[in-house]
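Here come two complexes built around subunit A, the first alongside subunit B, the second alongside subunit C.
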Partner chain A sequence: MLIERTWKKWVYFYIPLTVFVVGTLFPFYWMLITAIRPDAELYRSWRAATNTPFWTLQPTLEHFRDLMAKTTFPQWLWNTFFIAVASTAISLFCGLLAGYALARLRFPMAGTLGTSIFVTYLVPPTLLFIPLANIIRTFQLGDTPWALILTYPTFLIPFCTWLLMGYFKTIPRELEECARIDGATRFGAMLRIVFPIAVPGILSAGIFAFTLSWNEFIYALVFLSSPEKKTVPVGVVSELIRGDIYFWGQLMAGALLGSIPVALVYSFFVEYYVTGLTGSVKG
Partner chain B sequence: MRAATTTRRRDIQLAYLLLAPTLLLLLTVLAYPVGWEVWTSLTDLSPLKDGPPAFVGLANYRAFLADPEFWRAAAVTVVYAAVTSVAKLALGTGFALLLARPFRGRALVFLAVFLPWAYPASVSVIGWYWTLSPPIPTAYSVLMGNIKYAVDSAFGGGAWAFVSVTLFNIWRGSSFIGVFLLAGINAIPPQLFECAVLESKSPWRRFWLVTVPLLKPFFALAVFLSLAMAFADLANVWMLTGGRIVFPVIGTHAYWLAIRGGQFGAASALSLMLVPFFLVVLLVCFRIFDPPEGTGA
Partner chain C sequence: MAQVMMKNLNKKYDEVHAVKDVNLHIRDKEFMVLVGPSGCGKSTTLRMVAGLEEITAGEIMIGDRVVNDLPPKDRDIAMVFQNYALYPHMTVYDNMAFGLKMRKFPKLEIQKRVQEAAEILGIQELLRRKPRQLSGGQRQRVAVGRAIVRHPQVFLFDEPLSNLDAKLRVQMRVELKRLHERLETTAIYVTHDQVEAMTLGDRVVVMKDGWIQQVGEPLELYGKPANKFVAGFIGSPAMNFLDVKVADANGALWAEAHGLRVKVPPAHTSRLMPYKGQQVTLGVRPEDLQLASGSDPSEYVFDAVVDVVEPLGSEILLDLRAANSTIVARVEPTVRVKVHEKTRLAMTPDRAHFFDVNTELAI
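Let's look at the complex of A and B:
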């Protein structure tokens, strides 16, 4: 690159970078500080002389302890985990098969089907929750995990299919043809040659699906009602806010505990995720 | 010749077999509900009412078109989508350009930038809520309260709630768009940029004449996803206003009608009114930008 003057580097690079990073991280810092702040300090007046809005001198784990012991938070964690794993498994299974068919096999209406599966990804939950609520009432699935496990694939399958289709297209056909010449059936070649090569793509689709279902809010809000059946996002918002009373310390503790594992997993696999995305844009 | 046609027929059978689970699931939980919704929007179905639902034609739609509340919600939705998308795109491009060059600690910065998107919106929104609309007795609530009243009295009730939802959406969305565009920039062969450096001295010109055209498909998809998500936004607004209707968007309006009010017919009509918005967005996006290859087609 060209040699740049130092002040230019500061103005065009370091200062904007710092502003961006502080902006993105500040809310997380705020959540952390609120979660470990003792109650007495949380509700102290603005004008108190000893006020320390941006840090705390007596960090406490009291809110975390209360959250684990006095609420059904551990149960919410388990519910969310179970629902996310089950719906991810269903969507990956469907997405793998459909993605392979759309990427590799020539059949009438392949284009139309591909487009319509992509279009379904654009149907927002806001449009769907009303009729789905009705269906779930009809089948008496309300307030069970199955209500969510069967509805989450509406937005997971189209994305998985689309992402995996892009990934399958980057795998050379010759590999498969070799296997066919050696006597494998098309199905066998798919199982033993294509799927193992596509593991990074499958991983990225799986992680994406898992996080999406972990974070889902609207369906969980509409379809579940008893406190012990709820998922983390809905439970934290609806059970720790009663009327106008907010259990702020516990809320923040719940917000941190409920999502740090997911955020970590996501961050570790971000490379896969990004390759998967760009792969499917470039086709 | 004969062998070729049998293989082809087998391929077709296999294709439909592989697509069967997906199609079955999507038909039952997607196509059927949408159909049901279209039909319901033409009736006065409500669990609170006795007897079978009556067919009312387009009455639900007409009622909304005559309702100033609806137009207000629609206007808010459009402004919300437009403002957030422009800001997200600008900030996201900034992120991507800053991170495109290698520097020490880049991996860490990348992680920091990506975190808002990776973190569940439903819980990070709580952090924002606490920051922007703090409860009465907190340390800094007087300060935030003053800002809130200033904004609300300048632009009307609910303005501060609108600002806070918009800020949250921008914070979260620009993170995604930044990572997405960075992937796009990395996919461009570096020779093109080196060539451009020889051709023009102004980084501004290089950005508009080289980077932007090369990133077009990525921009198109980013804009589309961002607009579509903002139009259908219900969860963010819901959580950042604590479930109260402080300012209406179409999503929260429909939620209240259906779940709290039990008026399925009217609520269906309302959410179907989002469809024209979507079509406009689709058309505009793919008119301005070339459609990205491989998505859908």
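Let's look at the complex of A and C:
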């Protein structure tokens, strides 16, 4: 019995887990190793006798220096950060109020409204960018950060609304009712009781929204054109691939630096994030 | 300190008429219990008093103010919920202080009142804890404490003891009663447990399907139920009901059913006269049935067969078959009978109840 359990644990748990972890982390490893590999090694033939694709013996920070000095990468980082924070803030604000209303208030067509908000989330951005481009042009917002700050909420608000609505529904109604009897208005009860309890849900909605806008590619590609206005995902791809020349070292250095803020955000809030998605309030 | 008046109170949801024409006068300092099976409208009534449900029609007055359009916070009430509804992100102290803070009481006064309430309830040690670190009974105390610090005009309780285990429930019941005597605040208490209703209430309201069935002091409901529903709902084990026919013989009225023939007690004779020859329901409580001895007057004695014997220690419950139905008798613990044994039961005549078969009202 005991022996059987051991091999089962290997077959069903350890081996699949190892494959999964290696498969997930390998691209990041590749990114790192390419970013610190000197050009001489990068452009060496794959069949060369001295080729060492999985490691390097002469790590260098040359690509990072070039990235900072020869491109507007710091500016891209700042653009991305500003746009992500602003659109996340707008989306969270709207999502909080809409999610609360859909979860708690009884008003006509509440169900229909909830569903239609969800449906807008299902429209693919690859289709939506065409009409949005038209709107952006009409309002003369093209090539400004506002083009993205105002369009990202089109998919972030539905997402935040649904996540928060689900979370609010797990909070017992009586808590609010009790607060209202204790002397709070409905709005006061929402601010003082419901929102503090919903912090894990709000944080995970925020993290998700931040990540989505940080990584967003297609709107950023379409709505921004000047090099110094771009975000990291677009800037790295459009400025570091010139014709058919790939600046692999700088590309990967840019990708690495671009993913660090997201990784930091996740690792700081991982506990909240998990309870936010499983949605458990213990009274 | 205030009275609560409900006038022709109605609540309709889309298709359900949950509360129908409720008229109730709860006196100052009274402990009023609303009791009934689930879905009878008792909680909805309470929630309308609290302001958590809108009133479809009618009027509610607290003190001498009509509160129909007042938000809950302006009604000067406090409520204790079944699931305690403690704010999980606040300490016990902050939970209890919340209502006072919202009303902008000075800090010292808040401290004084919370301490005072904590002492009354014996929870001084818990003030710094979070609700999740408390047991069920402790949470219940905190919920009560949060209500009493406010010194409201009316306490509302919505099945506050239902989530506690049986032993704790009995203990908290006694404490609530003691607390009410000490605070002398008007209280409305909703429960589905008739024992809670009987032990706590100065008066009890029995509700069913949105209608008030009867309002009265506990013993009045027990002794003089207005209809068959109240008779069956109050008391455990429930009252026995037998379908009998009223017959006239030897200058007296008799209640007859299969193999059963008992005299209608003199107190009921005149009221049952119009039912001569008709069916009525005879109601007898289990404790008003005893095994017959030679000295019992024979006109109140009938045959029965023992089905089940349930010895409870302080008493024995006998399930018997008589007149084609099952009846329960509560007898002395010293009685010795065997299953399937034929026996004779004597009924206490002046505690018999008769109900109209159609209207189910007491005759």
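Couple of notes before you dig in:
Convention: the second predicted complex is superposed on the first by the 252 of 283 C-alpha atoms of A that agree within 3 Å, B and C clash if a C-alpha of one lies under 4 Å from a C-alpha of the other, contacts with A are read in each partner's own complex, and residues count from 1 in each chain.
The rule we apply is simple: a residue touches a chain if its C-beta (ideal position, glycine included) is under 8 Å from a C-beta of that chain, and two chains touch if they have at least 3 such contacts.
Every value quoted in this text rests on a predicted model; they were computed, and no experiment measured them.
Look at A:P196: by the touch rule set out above, it reaches subunit C but stays clear of subunit B.
In the overlay built on the shared chain, the residue A:P172 is in contact with subunit C alone; subunit B does not reach it. Looking at the shared chain after the overlay, A:A184 reaches subunit C, while subunit B stays out of its contact range. In the superposed model, more residues of subunit A are touched by B than by the other of subunit B and subunit C.
Touch criterion met: A:I157 reaches subunit B, while subunit C stays clear of it. Counting contacts by the rule stated earlier, residues 281-283 of subunit A appear in both its interface with subunit B and its interface with subunit C. Across the complex, subunit B is touched by residues 1-2, 13, 16-17, 20-21, 23-25, 27-28, 30-31, 34, 41-48, 51, 53, 90, 93-95, 97-98, 100-102, 105-108, 110-111, 113-115, 117-120, 122-135, 150-151, 153-154, 157-158, 161-162, 166, 169, 186-187, 211, 214-215, 217-218, 221-222, 232-234, 236-237, 241, 246, 248, 251-252, 254-256, 258-259, 262-263, 266-267, 270, 274-275, 277-278, 280-283 of subunit A. By the touch criterion given at the top, residues 50-52, 71-73, 75, 77-79, 81-89, 98-99, 102-103, 131-132, 139, 146, 150 of subunit C touch subunit A in their complex. Here subunit B touches subunit A in the complex through residues 8, 10-12, 14-16, 18-19, 21-23, 25-26, 29-30, 32-34, 36-37, 40, 91, 94-95, 98, 101, 103, 109-116, 118-124, 126-128, 130-131, 135, 137-143, 171, 175, 179-180, 182-184, 187, 197, 217-218, 221, 228-229, 231-235, 238-239, 242, 250-251, 254-255, 258-259, 264, 267-268, 271-272, 274-275, 278, 292-297, going by the rule given at the top. Residue ranges of subunit A in contact with subunit C, taken from their complex: 172, 174-175, 177-185, 188, 193, 196-197, 281-283.
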